[in-house]
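Both of the next two complexes hold chain A, though its partner changes from chain B to chain C.
For the complex of A and B:
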């Protein structure tokens, strides 16, 4: 069960992609979840539905539309070319954009649930104590909704590691750029190199188990962000 | 209970994705001439191979290569003496842009593209042939490194059709219908530049309808089926004799 240099390259790329996507989604997903949990706007339901939409399409189909949208004749492709960024397909950042879109519901939903469960009261109290919105976020929302954030990070990370269809469609299988572990494993299977596939699958499962276990463990033991509940 | 249509036999055929269009047409013709209902299942050759190896109940396997049918034969999954080449694939250098390809080989060597799409040589016979073409044309390594790989030839086609890759080495069956280029510009790769893309068919022991399978395989070599193959850009018998001077009207 020896892993080749290419297998390690694919694993390292997957780790970089999943970490980047998780960070991007925590940054993007948190304001969306906050807004969804607190707004009374008529746009609430449409936005919530749009966030959940990537779940509906099969990943390869979503990837196919992204390929067209990000291509030279698509709206996203026209924009990125106008900005001098070139085209997104077949690049690492193209995968980041696509995976972020695809994993969005897995990050927004747990954060939304945690904030909704918290209710309006704690933030009202913070406001009467003259906490600024940023202050309230870091000292009230983040600690109280911490399990939601950790679940969001876990799901976003795991979902990106396991992501395959979208990457397959827009990646182009470039070593160290878009050939992630799931694609590499798929190639092993297609090439009938089953023992290499087993080796890579075992390493990826073991690694993912350790990461997920540590995160969940961290949630229970209470890390630096531990909630100081006074129920 | 009326038994009128229940007598119709069923035939399960596993088809490599690149042959899906032609297979559908051939199956339709076959159903008109025989009292057999054909069920086609499309997937990549590698996946179908794994499924057949693990007992998938197919009667016939139309592979995209000659390697998997041979392996199945040595695994004892194939009815003796049933293996034959039903189609030979051809490659074409293709661009979705009508005026892009002027002198295909020169443009490949000079690297006149941002991306060149092709199938993954490791898993797809068309990809292996494409790699041999790049070698035969002596395309420099730093130019060849700008290639993007599809898992199969359909994906390589999508990369080019969507404009994300300016050029691609795709299957002639994807861009030509009825002997005519459907869109864009092309350079037909001389079939001598790569090992022949032989697509083999076999009758499987997993199946439950060996008799209908035999009739179907015979039909694959019949005149109507050969016309479908030619129509979809697979290499014809005459073309194989004529070699290297190729004709392709845009």
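For the complex of A and C:
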């Protein structure tokens, strides 16, 4: 049950992808969650629905649309080419974009829940104590909603590690560029290399268990999936 | 709404600024058809010093008024200037965090992730300029919270939390303190515990306070200036005594109705444990003041309830009532089918309220302009 250099490459790539996607999503998801929690705009429901779409959409469908959009004929592809970035499909950054969309609800939802549970009052108090909105974000929202941010990071990371369909559509199977652990695993099984597959599967299983166990330990009361999913 | 920009600060001395006071005109509507529409429509000129109380039933718009003053609610139209500085008008809307105010919310609003001391430090760090160290210490002393500073908000009682919250608002070095029923979430015992702290605010800190409450006892103890709101409109506004002695407002029919007189300590009689207080219309004996406030000339405030005032035509001294003031009848309010009537009296430059039976009104033939004696059974020293 030895892991090959290719297996390690796939694991390392997975780690890099998941870390990048988590950071991107925390940066993107936080303003979206803040906006969703506080806005009274008529756009609130449409935006919330789009953010939640990956929860119900088959990953291959999402991947297919992204492939088209980011391809040479698609609007995103035209943009990236105009910017001199080339085309995104079958590259690491193409995977980052696709995975970010795919894992978005798992990051936005816990942050949204934490901010909604906090309510408006702490922000009003901060404003009456002369805290600017940025100041209040770092000194009140972040510390008070910290459990939500940690849950968001863990779920976003774990969900990106586990994806397969979107990666296949967008990334294909290029070693050290788009061949993540789940794809490598699939290749092993296709090639009937069961002992290789066992090794990789065990690593993934242990990883997933540790992630969920830590999350539950951190949250103590109730499970994140039970308690943190909302309205 | 125009773009946000900083209010214009006119360079004036503090005294002049206080005289400019607070001018607030707000039109605010909220609630849909289903929720029932609410409109706040007020135009007030409030003094730039002392405690202004805003009294009204729940739903009368008290909190909305306070939130408009703080910038936490956005009026559709209006104008707000505080000490000559424009905070809100058609082209200006200073965001809350740029308004030099303090706000005490109805329920405990300490940041749960910070200790009591860190909650105070949060305000001190952002105060512009911070209060000087002597004032800082005085605020801790007045609120009596020094020994609580290490504790987490969750480990404090409701009264302690609210005292820390008041200290935090004061340490923000506000030029205007807004208090939204700060005692409403507390039981009676805690309320009586905090009221004296609030009274010390008036006497020890030079800071205009706008204090919202639906508790008549609280507002009449604290008020220098009083506003009465009903259904989003101003029912009455003026110096506390003239508002609380008005007979046409429902507050006069409250069993706690009464007025607050200001007076000065003349002397104390240790033999009888009584203090003599000079008020506008004469002298009153009250239970001896505590030793700490026993200097002749000390300012005191006396609360006299309408139900503790009776009227006589001649100054009898053959009864147990010690306090007697010469008064002139200003107004009589009696309702048919009611045993009691209310009489508004002038006593020097002060006003008094008396609740007496209608039978006595007829017996004494009480009418405006008549000279009578008011016998005062109890006068409570409130600060």
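Assume the second predicted complex is superposed on the first by the 206 of 231 C-alpha atoms of A that agree within 3 Å, B and C clash if a C-alpha of one lies under 4 Å from a C-alpha of the other, contacts with A are read in each partner's own complex, and residues count from 1 in each chain.
Just so we're on the same page, a residue touches a chain if its C-beta (ideal position, glycine included) is under 8 Å from a C-beta of that chain, and two chains touch if they have at least 3 such contacts.
These numbers were taken from a predicted model, which means no experiment stands behind them.
Enquirer: Of the partners chain B and chain C, which touch A:121 in the superposed model: first, second, both, neither?
Expert: Second partner only.
Enquirer: Taking the superposition as given, does A:144 touch the first partner, chain B, the second, chain C, both, or neither?
Expert: second
Enquirer: For A:47, is the partner it touches chain B (first), chain C (second), both, or none of the two (neither)?
Expert: neither
Enquirer: Per the overlay, which chain contacts more chain A residues, chain B or chain C?
Expert: After superposing on chain A, more of chain A is contacted by B.
Enquirer: Report for A:78: first if it touches chain B alone, second if chain C alone, otherwise both or neither.
Expert: In the superposed model, A:78 contacts neither chain B nor chain C.
Enquirer: If you look only at chain A, which of its residues touch chain B in the complex?
Expert: 64, 67-68, 70-74, 77, 87, 89-90, 168-169, 172-174, 186-187, 189-192
Enquirer: State the interface residues of chain B toward chain A in the complex, per the touch definition above.
Expert: 44, 46-47, 49-50, 71, 114-115, 117, 120, 122-123, 148-151, 155, 158-159, 162-164
Enquirer: Spell out the part of chain C that touches chain A in their complex, as residue ranges.
Expert: Residue list for chain C touching chain A: 70-72, 95-98, 100-103, 105, 109, 111-113, 122-123, 126-128, 168-169, 172.
Enquirer: Contact residues on chain A for chain C in the complex?
Expert: Those residues of chain A that touch chain C are 121-122, 124-133, 135-136, 139-140, 143-144.
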